[in-house]
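Read through the structures below before going on.
Okay, so subunit A shows up in both of these, paired with subunit B first and subunit C after.
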Partner chain A sequence: MLGSAELCFNVDHGYLEGLVRGCKAGLLTQQDYLNLVQCETLEDLKVHLQTTDYGNFLANQTNPLTVSKIDTEMRRKLCGEFEYFRNHSLEPLSTFFTYMTCGYMIDNVILLVSGALQKKSVRDLLGRCHPLGRFSEMEAVNIADTPSDLFHAVLVETPLAPFFQDCMSENTLDELNIEVLRNKLYKSYLEAFYNFCKDHGDVTAEIMCPILEFEADRRAFIITLNSFGTELSKDAREALYPTCGQLYPEGLRLLAQAEDFEQMKRVVDHYGVYKPLFEAVGDGSGGKSLEDVFYEHEVKMNVLAFTRQFHCGVFYAYTKLREQEMRNIVWIAECISQRHRTKINSYIPIP
Partner chain B sequence: MAAADLRAELDSLLLQLLWDLEELESKRVALNARVEEGWLSLSKARYAMGAKSVGPLQYASRMEPQVCVCTSEAQNGLQKFRVVRAGAQSPEEVGPREAALRRRKGLTRIPEPEVFSASPNPLNWFGILVPHSLRQAQASFQEGLQLAVDMASLQIHINWGRSQLRGLQEKLKQLELGAA
Partner chain C sequence: MSGKDRIEIFPSRMAQTIMKARLKGAQTGRNLLKKKSDALTLRFRQILKKIIETKMLMGEVMREAAFSLAEAKFTAGDFSTTVIQNVNKAQVKIRAKKDNVAGVTLPIFEHYHEGTDSYELTGLARGGEQLAKLKRNYAKAVELLVELASLQTSFVTLDEAIKITNRRVNAIEHELDEREREEFYRLKKIQEKKKILKEKTERELEKRKVAGEVTEPANLLAEEKDEDLLFE
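This part shows the complex of A and B:
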């Protein structure tokens, strides 16, 4: 039906969309970043953040203030907002929120499994897990030895269960297999999320599908770049690429054969969206890295999501923009605490 | 004359000392730069991977060192430090342990040479697919380690040079007093 989103969206989700737009207006401005960059110590940073939407979020922290504490408190604040949205949502927005949390759940599972490999205590690990990815079976994750164990014993009742079909194996969870598990789970999750948005149709599909396609392609590029010089074979690498992006199928096949950054650049020559991104990458340690360039592109796409109304994508875009803001603040805080101010302006401002 | 020889020796010793001091200073500056670079690369890795992915959760509280510092004596009796990969020493220890095991078990086993596996790369604690910045951090810290060891050897050499210098100055003074 033409214009069905404009007619029906506000009935169930109008209040939450209004709320998220208000939250988006509270993101740090360029002037806020200029103030933060001039801080001499982390205490100054805390004082400047009090004048923003963050308020007194660090009030309960004991001295000395560390970058890690700032990061944990920011995450807790974001989680509080997210949980508020989620608790007040109706279908299909609630399923959309569940899909959003699956990414964080995967990270938590991997953190717990690799922590078990390093003989860390479960309590320490649980304290460091991402609050958005919390689920009740988390304490039991460290008992599993193989991915099949992990599925059958622990995760079969969680939202992650459908993503395990490609990951079942009896190999013991060592460092290589944990990495493979992480990427396969994420690939299944991303493809499922993409199909959900596509089936939803309407403005949500128009906004979310390009964002998720970029996410899939980004993962393929980063996996390829980081796999040079490691024990991951080309076939194993190809199995980790999500297939819901623009690169599927030829681009992914070519990328799987690449052996260095120059060959990756040649693959990207065929894709108009990605070619200028790769050209913006600096050489050596001077300029921007590929990850920086991708983060900038992601910020652009997420800001554009707010120019359309009546879709679920604003919630995804807001969460991602807040995460970028948190990365910016943590970067500035690290430069301040290490007294290494040459690269302090390498954050990505959010227009 | 003995005094002239002594003075010449004193001069060359002083020159050597000044040269060593200059090298020590340049190595110190280089070490500071490597350590700063290393920490900044770690921050960059946290930016790319997530702040909790590069931190104390990723390494065990007890770890085997990959690299050891060995001391040796140079010809002039001075101690010299050098960096040695820890794994290079273990194959010699395997033999006697095997024999002890055989005696305890009372079986005649053909002693198999224990397959010595390469010590694990600490980079793998953070995952197999780590960003370039983390590898750069590892390289910076490794260079810094070598610099620190060189600085320690240089420091010993400088201390020895200073004591030699003092001894020679004493001798020269006594020689001049005796001649006077």
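This part shows the complex of A and C:
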């Protein structure tokens, strides 16, 4: 129904949307980045961050300040905000949030499963899980003795169950290479998320679907690029491509046949959106890599999400932008602490 | 000290010759040892130079590797857990070989790869390129470390060997000096004794001559006229 978004959205989600827009306004600006880049030590960095929205998040840290401490604290802050949003949300926004966390849950599950198969201590693994991907059955991992128990205990009860059904049955759990498994899960997840957004309709679909399509195509490109020269066969590679992007079906088929970067570029000639991205890739160590170009494009799309109102995409965009900001800060901090300032400006700025 | 192990010999000329021979032998031995010491010192200095070069290179390579780790983390996220989980067997192993320099065996470490790269597919979805660069950088660092390790063990072994050799050289020189002095002393003593003996015999001869019991034997050289010669 036309106009339904404007009418109904604010009833349930207006408070949260206002909140997230406020948080978005607190992201670091270009001026902040310039200040950070000029810092000489990590202590200076901390002082500069105190003037921004981060405030005194590092106040309780003992010396010496390391990059990993900064990273952990930033992640904890983001987690806190995310949990706040999630706890105050109603349907369908809460399902949306659940979908967002599935990505991190996949990483955590892979970590726990591979650790359990190698009989590693569960407590260490729990400490290393991504906080945004927490689920209540995580502690149940150490009770399971065999892979099938693991499967039943953990996976059947999490929202990841349908993704596992798509890609395998339980007896291939230990043989399948972990990375291939991870990518297969992610492909199913992405397609499910895409379908959810599409069914939701309205502005959410208008904003989220292009973003998710780009994510799908980006994964296809990167998987292709990184599988050159490895033992991943072409069919196995094709099975990992998410099908919800613009490249489906023709582009994906062509990509699966590609042998090197030039052939990939020729495939892209047919798609107007991606052609300029590939043109911008520099060669060797001087220019940008394909991944940098993709990150920039993602940031651009996420910022554009904020130009429309009354949709769930702002939360997704905000989380992604915060993550990019965290990566930027960690990068600058590493350059400062290693005194390797030549590439300190290689962060991705958020306009 | 040489005073303790003085060999008790009868101070005769034969004994002196024997001692001279031993002296010569000791001298040759000492020269050989000196040559060995020189060869070892030469190798030592070469190794030292190489160690300095390698250490400087090492600093650069480690810095580069640490930076590429930061780059990879930037693009690929946190893959440290994935890496630690998949550790099972060592891919780069070391073989120890022996090298011989002037009789001193030095260990040399050689690295070789075994097994396939179990991290081939890590970072498949993102950051694969940076991870590949990272793997290359750290592989280079490991190779350099192995080289440095063998250089340093050779350094230490050579150092010991050189010290021992030099100690021996010095000891022998000390011995040689002592023996030379002994020789002189013995020679002198022998000559004195001979002189005394000679004087004694001459005195006796004189006595007998005076006693008129012994005529001097015909002195062929003193005779002016030879009776056997028929023609003059």
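Keep this in mind: the second predicted complex is superposed on the first by the 322 of 351 C-alpha atoms of A that agree within 3 Å, B and C clash if a C-alpha of one lies under 4 Å from a C-alpha of the other, contacts with A are read in each partner's own complex, and residues count from 1 in each chain.
Here is the rule we use: a contact is a pair of C-beta atoms (placed from the backbone, for glycine too) under 8 Å apart; a residue touches a chain by one contact, two chains touch by 3 or more.
Given the structure is predicted, the values throughout are model-derived calculations rather than measurements.
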Fit or clash between subunit C and subunit B when superposed on subunit A: clash
Touching partner for A:53 - first (subunit B), second (subunit C), both, neither: neither
Which superposed partner A:226 touches (first subunit B, second subunit C, both, neither): both
Contacts of A:238 with subunit B and subunit C, given as first, second, both or neither: neither
Partner chain in contact with A:186 - subunit B first, subunit C second, else both or neither: second
From 4-12, 76-84, 184-192 or 202-210, the subunit C stretch with C-alpha clashes against subunit B: 76-84
Shared contact residues on subunit A - subunit B and subunit C: 111, 114-115, 118, 120, 125, 128, 178-179, 182-183, 222-223, 225-227, 230-232, 289, 291, 327, 330-331, 334-335, 338, 340, 343
For the subunit B and subunit A complex, residues of the former touching the latter: 36, 39-40, 43-44, 46-48, 50-53, 55, 57-61, 124-125, 127-133, 136
Touch list for subunit A against partner subunit C, complex: 111, 114-115, 118, 120, 125, 128, 177-180, 182-183, 186, 219, 222-223, 225-227, 230-232, 240, 289-292, 295, 327, 330-331, 334-335, 338, 340, 343
For the subunit A and subunit B complex, residues of the former touching the latter: 67-68, 71, 107, 111, 114-115, 118-120, 124-125, 128, 130, 175-176, 178-179, 182-183, 222-223, 225-227, 230-232, 285, 289, 291, 327, 330-331, 334-335, 338, 340, 343
Subunit A-touching residues of subunit C, taken from the complex the two chains share: 63, 66-67, 70-71, 73-75, 81-82, 85-86, 116, 120-130
